[in-house]
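A, B and C are the chain letters, set down in written order, and residue numbers restart from 1 in every chain.
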Amino acid sequence: METIVFALVNGVIYGLLLFMLSSGLTLIFSMMGVLNFAHASFYMLGAFFAYTIMGATSFWLALIFAPILVGLIGAAVERYGLRRVHVNGHVAELLFTFGLAYLIEEIVKIFYGKTAVDYRVPSILDFPAMQIYGVDLPAYRIFMLFVAIAMLVGLWLLLKRTRAGLIIQAALSHPHMVGHLGHNVPLIFMAVFGIGCALAGLAGVIAGNIFVTDPSMAVQMGPIVFVVVVVGGIGSLEGAFVASLLIGLLQNLAVGVNASFADIFGFLGLSAASEVGSITVSSLGPVLPFLLLVLILIFRPQGLMGEREL
Amino acid sequence: MSTTQESFDYSAHIPSNAEKFRQRTLPLLIFAAILVAIPLTGPSRTVYTLMHQMGINIVLALSYNMLLGRAGLLSFGHAVYFGFGGYFAMHAMNWIADGSGIWADFPVFLLPVLGFGAGALAGAVIGWPSCRRAGTTFAMISLGVAELIASGAFMFDSFFGGEQGISGDRMNGPELFGLTLGPISQVYWFIAFWTVVGVVGMYAFTRTPLGKLSEATRDNPQRVQFIGYNPQRVRYLVFIFSGGFAGLAGAMAAVNYEIFTPDAFSLVPSGFILIMAYVGGITYFVGPIFGAILLTYMQSMMSDFTDAWLLYLGVLFISIVMFAPRGLAGIVFGFSAGLRGPRPRAFLITWLTQLAGVALMLIGLIVLVEIAVRWSNGYGEVFAPFGLPLAQANPLSWLLVVAPAIAGVALSRRAARMREAQA
Amino acid sequence: MTSPPALSIRDLSKSFGPARIINGVSLDIAPGERHAIIGPNGAGKSTLFNLISGLYFPTQGSVLLNGQKISGLPPHQINRMGLSRSFQVSNIFTNMTVRENVRCGVLNTMGLGYSFWSNIGANKAAHAKTFEILERCGLSDKANVPASLLPYADQRSLEIAITIAGNPDVILLDEPTAGMSQSETARAVELIAKATEGKTLLIVEHDMGVIFNLADRISVLVYGEILATGTPQEIRGNAEVREAYLGDEALPEELA
């Protein structure tokens, strides 16, 4: 029981974290057609900036300023890089962000070294807040939950209650129409790109200290965020939300299952000594998102909740 | 049916045999001649090692460009086919060593044929779901499949050999052309032979109806349907061939290194293949060859000189994407076309201005990066190009960053204005 | 037994969501007939072409080519059965030369399929066929020009050249003279007449001059339905047709 509860709680938190990353990526992808390969790099920047700011001041200032800084860098990348490449088409844009991811990783390695930095949970939140079925739930995890939900509400209010949100929503489903309405499309693109990157940075700030903050964190997170966006469906924030939770839970639940294929498919005559039989479900954790991605692209290319095909 | 076809002399409008020889056969002959000439210079072991890696990468980058350049398919998982070809060759090498059944008579020299088969088979299986769409979807599937196989490879140790991978010994089985493949100078002929086979094979492919249809599908998949072809099928067939040639390169690597590990499937080599092909220039057949030669050289030489070579690689790649999307080949051919253009003198001045601008920016970048790298290492090393110590506290260091950068940007802008004035 | 119509459209309908763009269209076109479809903007002419050529699947009804059902087949199969179409917006292979464009079009009839074992440059028959088409479309002197650098009128000719390259029985031309000057149009009409000699032709056109020059019969499509079908004279005298046109745009003077 406790393993399941533990996996559920962690799955939800991890899922919300994924949503923090994938919401920005979905917005950018749906509006601009750019699949931002470097999105997880901004997540990484968030974590490293937070580490630096926290070292100089406090975690709370880092929570505010690291995402802003990341957002500004994102906006600058859009303005001076992507916009230039845009005329050469989506493949060129994808290649640009691919190169950018590469570059950011190398720059981070120079500034922060090749190994993990000591980015810690603030001591004020470093205590077990409650127990569920005998499992300690650290206060910081609950704090993450709150930040994620606050972000969710904030994003929802921005999209549903403000004029800018309405334009963004219109652009999600009909990217070519917004220009005809007389809006400054380049400015909207730059803002959306910046906000998307800032959200990724925020995810880095709150996740970097419970996972590991090192230069490979972008490469590890990036492909999974892609999976979320594609599985959820292009242009669908709801889809990204569902897919984030789905993958978060799937991965965390799989890790908790010690059964091997032989245990599950033993009735088919699969022996535990055989290679396939000895694979455990828990070891499948890292593979599952990609399996899901490939299956979705083959059988439901529009994603779980998307309206447009990729 | 019509009489015009007899009376109209179309031979004036198609390339003559002399032109074909000069443009197609001759470069290939020169390429082969260079490969034959290299051992005459008595190369060192290091040079041989470098040459072998270049040969492998040339075939690999060209096979990648069958997708990206010729068919418009951006793949983030090309190392998968390289890996399957290499692994299968590795296993076959061990079967040859066992010498049972038909394997007793199979020469190691011919392993690339099996590598081609394995790569093509992997392409046929993976391409089936991947090639239904082009563009971003294709790119995403290729990434997903690559991640799936890269992480799945560690689960099937009997084929992939776990973290240690599979190793073997190439000096077994019957010899071909009197080559034992023992000394590195003999492996050279193996690599050279298969590099030429790969290059010629892939060039020939561009001349076939399928090769032409692949370009047509890249440019306009819809129209391809209305000349009676199924674009998905065109993509699928090209994908299989591309996988096959990547597998051929994999088998070359298997014989050269005598080991293959699951790392060969990961995103890092896939990314490097993409960068090689793109930096070289994907719109030209020779582009990926340029890219493979330059980047292999940079990879082995620059990593000795600087810790930041990957950063330079990233800067090079982004600069090419942003400012020279036709790659190095585009720069080379653009230069020769400009010199043969109406105003060669003006062109040359502009070009040199631009070159000077780029060189100055590069100086600024190098000084900045090298100082930063040494500061980051924390060993107290000082960057001292040509014996001139440039510590990070030294104002001269920062002058050498800022001044060349500003001058370089100014020169580049000037060159841009000159180009505009000429256009 | 008479031979089946070259193209037979039977009770064809197409809906996009709630909008019914084509509504119960039936039309028979005899072999060798030159049939024009006219109608105001938004009448569904291009949708009808897309349905016939396989780009869209019909919601209802069927299309038969020489008595064989083609609706529901993918475009490349329909093309291989002998129906070829052009596009309203030039739809050519821009990174190839004019010659290579047309050569792509002839590959299929040369029995080359998805061949990867033959050198296309050495195929004499393909060359001869390619240059016969180029000659017929007045493009042979521009054979080695990159398609993207062609002047507009020549791009339209190339569009037609690719369409006829596969030697189809039935040819669909979607506004082949759109955007051309008067002299260019006159030349295009001549080209079309020459290029489609002996073939069945279905053409969508706005220029009434072109239509009355080329067409044996005309169908008027309004709001997804066929209002009238007849010879040019019959259509000219049809009161309903006049009314339909008055609602949309200025009455074409040829009709007046």
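Please note the rule applied: contacts are C-beta pairs under 8 Å (C-beta built on N, C-alpha and C of every residue); 3 or more make two chains touch, one makes a residue touch a chain.
Keep in mind that this is a model prediction, so the values were computed, not measured.
Undergrad: Using C-alpha centres only, name the chain that sits farthest from chain B.
TA: Centroid comparison gives C as the farthest chain from chain B.
Undergrad: Which chain wins if you rank chains by how close their C-alpha centre is to the centre of all protein C-alpha atoms?
TA: B
Undergrad: In whole angstrom, what separates the CA-based centres of chain B and chain C?
TA: 43
Undergrad: On a C-alpha centroid basis, what's the spacing between chain A and chain C, in Å?
TA: Here chain A and chain C have centroids separated by 49 Å.
Undergrad: Express in whole angstrom the distance between the two chain centres, defined as the mean CA positions of chain A and chain B.
TA: 32
Undergrad: What are the residue numbers in chain A that touch two or more other chains?
TA: Residue numbers touching two or more other chains: none in chain A.
Undergrad: Can you list the chain B residues touching chain A in their complex?
TA: It is residues 72, 74, 76, 129, 133, 135-137, 139-141, 143-145, 147-148, 151-152, 155-158, 267, 271, 274-275, 278, 308, 310-311, 313-315, 317-318, 321-322, 325, 369, 372-373, 376 of chain B that touch chain A.
Undergrad: Okay, in this complex, where on chain C does chain B touch?
TA: Chain C residues touching chain B: 53-55, 74-76, 79-80, 84-85, 87, 91-96, 99-100, 103-105, 107-108, 112-121, 127-128, 130-132, 135-136, 140, 143-144, 162-163, 165-166.
Undergrad: Spell out the residues on chain A that touch chain B in their complex, using ranges where they run on.
TA: 33, 35, 81, 84-85, 88, 90-92, 94-96, 98-100, 102-103, 106-107, 109-113, 219, 223, 226-227, 230, 275, 279, 283, 286-287, 290-291, 293-294, 297-298, 301, 309-310
Undergrad: Which residues of chain B touch chain C once you look at their complex with the stated criterion?
TA: 1-2, 4-5, 8, 10, 13-15, 20, 204-205, 207-213, 215-216, 218-220, 222-230, 233-234, 237, 241
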